[in-house]
Amino acid sequence: MREGMFRNISGCAISGIFSKSGKRFSGKSIIDSIAVMHERSNGLGGGFAAYGIYPEYKDYYAFHIFYESKSAKKECEEFIEEHFDIINLSKIPTRKVPAIKDEPLIWRYFVTPLPTKLADSQLDDKEFVVKCVFRINTRIDGAYVFSSGKNMGVFKAVGFPEDVGRFYRLEEYEGYCFTAHGRYPTNTPGWWGGAHPFSLLDYTVVHNGEISSYDANRRTIEMYGYKCTLKTDTEVIAYIFDYLHRKIGLTLKEICSVIAAPFWSTIESKPQKEREELEYLRNAFASLLITGPFSIIVGFEGGMMALNDRLKLRSMVCGEKDDMFYAASEEAAIRVIQNDLDRIWSPRGGEGVIVTLEGGKA
Amino acid sequence: MAVEYIYPDYEIVRDYDRCIVCRVCERQCANEAHEYLSDKNKMVADNAKCVNCHRCVSLCPTRALKIVKSDHTFKENANWTGKSIKEIYKQAGSGGVLLSSMGNPENYPVYFDKILLNASQVTNPSIDPLREPMETRVYLGAKPERIERDEKGRLINNLKPQLKLSMPVMFSAMSYGSISYNAHESLARAATELGILYNTGEGGLHEDFYKYGKNTIVQVASGRFGVHKKYLESSAAIEIKMGQGAKPGIGGHLPGTKVGEDISKTRMIPVGTDAISPAPHHDIYSIEDLRQLVYSLKEATGYTKPVIVKIAAVHNVALIASGIARSGADIIAIDGFRGGTGAAPTRIRDHVGIPIELALASVDQRLRDEGIRNNVSIVVAGSIRSSADVVKAVALGADAVYIGTAALIALGCHLCRSCHTGKCNWGIATQREDLVKRLNPNLGYKRLVNLMNAWKHEIKEMMGGMGINSIESLKGNRLMLRGVGLNEKELQILGIKHAGE
Amino acid sequence: MKYVIIGNSAAAVGAVEAIRKNDREGRIVIISNESYHTYSRPLISYLLLGKTDENKMKYRSDSFYSENGCELMLNKTAVRIDPDKKTVLLDDGQNVSYDRLLIATGSSPFVPPVKGLEKVKNKFTFTTLDDAKRLESVLEENTKVLIVGAGLIGLKCAEGISRKKVETVCIDLSTRVLSSILDEEGSEIIKRHLENNNISFFLNHQIIELSENTAILDDNTEIPFDVLVMAVGVRPNISLLKDIGGKTNRGIVIDERCRTSIPDIYAAGDCCECIDVSSGEMRVMALLPNAYMQGECAGMNMSGADYVFDKAIPMNAIGLFGKHIITAGTYAGDVYYEADQENYKKLFYSNNKLNGYILIGNIEKAGIYTSLIRERTPLDTLDFDLICKVPGLMAFSKEERACKLGGIA
Amino acid sequence: MKRVYVNEKWCLGCHLCEYYCAFASTNEKDMARALKDIRIHPRIRIEEKDGISFAVSCRHCDEPLCVKGCITGALTRKDGIITIDRNRCIGCYTCILSCPFGAVSPSEDGAIQKCELCIKTAGGTPKCVEGCPNGAIVFEERGE
């Protein structure tokens, strides 16, 4: 049994740090933060997303890929070469950590779509990348692309998150945003690809919770060409974000009004314009409403969003200090890295807290 | 001929110790099964006239009556059942097609009864509907493929006409003619109070009920009875009836005896004439023709109302539905083979069509596979008997359900399946004035409202148990379902796992 | 405000109850020449019959006066009214002042002058509780009672005393019994019924001379008796008003607000006469229901309301030895007639109106006929053929029924 | 005040109101035992003719002629409900003479009988209303 063969249900810890000024900082803080919530994980998965870490390759898609075998690697690389110009490839640097075992081959590629292939596909380059990622993940046995955005990367493994961080030498990276996840799956396949964050392009999702709308959401999002290979809530949420943000063009705030839509009674109490808009969003994208407990931190190029389900059935705290923004499952996970906060609060259910870089992209 | 004598199916049992000779049974039986013997000051009954509608049983103030199934029996066996034998006697006598009412009674699988629901434990909290909001509102109609914004970047409402329902249940098509004025009024008023919709069926709309238009679906069927501009305009939505679950491939027939003044006016046919709906629409011989009618109706109403296309669940229903989803229809209604009817040829009712559960599952999946599920809403009908059936249907992928028989039962129908006689003792499937008045809509509509509110409570309970607080998160959420006692193929079609998996 | 009521029967009670609807404060003084709590006069025959007792005869509960704040002056007779000073002089010499005065003095039995009447030792009238008590005290089994008058009072008396197994003979100048409320055929039915109950009649006769125990009739028939009851009729007590120049005929004349011709003096009950709407004529209608309703009307107007009672008609409900008679209105016009062994019905109508009716035996739903008379209902607004046969609401229009039964105005 | 209202549109002429009324005035728990082999004398009566039927019972008038005319004071109106003190009633039938609805009737024991809204027998919920299968008889407050 491995992830993707059945639906995986889990509880978790999440944390995120964001510098609004775009100032890059070391990955050490996010490890410290997630480590505090050790008890929320059970060693069966941890991971990080880091933004702004590849400034020298910021125009190229950074593919992070797990290989279970050399033959898988060979097959995959052939596919990549067929569709992309590979600017750089290397093993992702790791260090030996006793708690992290059975690691697959972990490779990184900086790529850009081959212009001829892209033109032939009649797709924009992002959609082209998405199609290729799905192709690898569904067709090439033993290969799994777990990160595919620009100037960002996902680092994940089976293990406690702090061990995973050390394993990937995360403290050696500098970025303007990090998110982290410690996993407590209630059934345990223990596959590296199943750890969080889940990502597609530059969208990453770390998630604590279990969404009861899962299959409704999954069957809907699959209609739009997404393949839910992992059968995890997080994967579905990531795809929904990608769909609504990138494909449909909703703003993050509007997305919050879809996936954590206000109750009808709340909508009806709003002024007419707002009411109509909320009603429209809820109706038009009804099947993308996510119910059940969740707290998520979504990372994307130039921004981060923290969101709770509309009943706030999972904990989540946000904090601010100067240009730094923090979000975590527990207050302690913020305090451990910044005790002197300007503000700390618990966002209401369904109320997305969105932070973006001042002046746009990094 | 002696062979034509068939022993009555039911026997009226009277407890003479309890009978106070109030004669209510006698007054209330339109079949005249009860008789008062004045010389003996005693009530007697003629079992042959009894249709087992329970009117007398229900009204007997001393509970002196009961109806039992006759234990009189043929020398039947598993092959030659009493029913088969009797039907042959009847047909050998009459030379005619056998007629029946209400839904398919035969022992085919009821898939709803082989599907179980999930509930949350530990990893995900169940939600208490008494403490937390629990939403059952649904909108029916096509959803947009893309958003549009105005010059200021604000979202533009580009939704096609939608139907707003407070819960995913509507009253299905039952024509004025097949059911009574008071039954229609009950349905119309209940729909209005509940914030759902009822359906006129193919018999037009009585002018008195135009005021319930916001909660009315008007039907356009092959007979086109009572279809005119005002009829279309008075509605919230228009339904093209292509087929009916109880009698796929068959038209309708309202006997002239039921076509009185009011019905004649409403249907726009002469008093006393038979109202015959042809089997097909004579202007629809292909999917293109359907598309033309869909757009004709939209054109006629200024594109302000959703158009529903109702079909019977038949073998290649998924394919048909796919065609309809591309025809411009906003909603597809699928009627399973257990759906009710005022009258249908027995063989058709009992042997044609497929179960709604399978039809729904395959249509929903097919439309998703084709990426057009959001083009249309799916409404299913054909024996939704309880809130659990509603929840299962929604989880299989339905946007809403239609209930017909359940609504009639709420109004007093006792499923005696004698609608075709026109002597409904409960004032539902009759046009006889003295019988029609037995259904007081002031009580009838309240019973419908009660039933729906009860179901709504139950739906909320079940949703809450699953950790879902809004019905849209239940729609198509097949992981919430598990099959029991189903084979691989059935599970595959239903798109659900077996219990224990 | 001080209200003074002379009289203590139905009209007085009606007035008190009405006054208290409008005025909880004003003083109410009731002057009665009897010694009793208000009682129902028509019940005296039932008292003799044993169907009621002195306690149950009380027309209102024991707490009636206290609950309604009434000052009761028993055993006092009003002698004279001074309308200028607005006082009433009593027989004991005291003056009772009033702001509004109601004369509810009722009526007194009329005793015709008969030669030798003074010789009769056991002679009675039959209108008051004291009358009944005195009469009862002299009755024994086989006592011969001669009742003069075969009207309501006489016959009810006959029924009342029948319990004592007395021998009753009834004599009347009229050719018929109950001549004031029945037609000939009706009278005959009742007469036969009474005779079957051992009452003997000498009709179309009068007494020309009395001795202590014998009456001699105009045909020289001698009728022995032990007890003589004079029940010829009653006369309204009008003198209080007549004496001060108020307008009177047979009774005190009142208008539809129960006002007399003298300011602040009202009158109600058996002492009055007013319009009988069934005939349009002024009449004395000495009936308890009318008395109450006139009293009520007077009380309402005395206490400041504007209230009209203009629906008085003659009407009677009477039972004699198990036979019930209900009659109302005036017996004039065309006749609907129906009769069998047990029952007798006559309806009198003209000019699209029901004027009166007589029911004997089956009296069910008689009130529906009464209302047609009272309300002067145009008969063409209902199914008159049907209502003649069966009194009921079925004869009215659907709309009228919806109004009556559905509270839909 | 709450009154019994009758809507002939919904009256089926089933006469159940009469039986429930008759039952209410007995002290039996079981209608069969109460009314078996008995000719009932209900306080509510159906009038019917040519397919029209309706029940008639005391309207509890605001200006009750029966109470005003009652020679014994046995009929009284309290809190809007007109009741009969059968102990005081001597059966003179003046109320039958007075009632414009024909809603007062003689009874077997000589006293009159009329609807008292079941306040003495069934705790004030009129049994005719409960027994009416079609809502033709209702007990409710209506603006008048």
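Order of writing sets the labels: A, B, C and D. Residues in every chain begin at 1.
The definition used in the following text is that a contact is a pair of C-beta atoms (placed from the backbone, for glycine too) under 8 Å apart; a residue touches a chain by one contact, two chains touch by 3 or more.
Because the structure is a prediction, the values reported are computed rather than measured.
With centres computed from CA atoms alone, B is the chain lying nearest the middle of all the protein shown.
The centroid of the Cα atoms in chain B and the matching centroid in chain C are 69 Å apart. Centre-to-centre spacing of chain A and chain C amounts to 102 Å, using the average Cα coordinate of each chain. Separating the centre of chain B from that of chain D, both taken as means of CA atoms, is a distance of 42 Å.
Centroids built from CA atoms put chain D at 77 Å from chain A. Across the assembly, chain D contributes no residue that touches 2 or more other chains. In chain A, there is no position where the chain touches two or more neighbouring chains simultaneously. Because contacts link the chains only in sequence, without closing, their graph is best described as a line. Applying the touch criterion to all chain pairs gives A-B, B-D, C-D.
Those residues of chain D that touch chain B in the shared complex are 9-10, 12-16, 19-20, 23, 30-32, 35-38, 51, 131, 133-136.
Against chain D, in their complex, chain B makes its touches with residues 17-20, 22-24, 27-28, 58-59, 61-64, 433-434, 437-440, 442-443.
Those residues of chain B that touch chain A in the shared complex are 120, 122-125, 127, 132-133, 135, 137-139, 143-144, 146-147, 154-155, 157, 159, 162, 368, 371, 373-374, 397, 466-470, 472-480. For chain D in complex with chain C, the residues that touch the partner chain are 3, 5-8, 47-49, 52, 54, 56, 59, 65-66, 68-69, 71-73, 87-88, 90-102, 104-106, 110, 142, 144. Every residue of chain A that touches chain B in the complex is listed here, in rising order: 7, 9-11, 186, 209-210, 212-217, 219-220, 222-224, 248-250, 254, 261, 263-265, 276-277, 280-287, 289-293, 310-311, 313.
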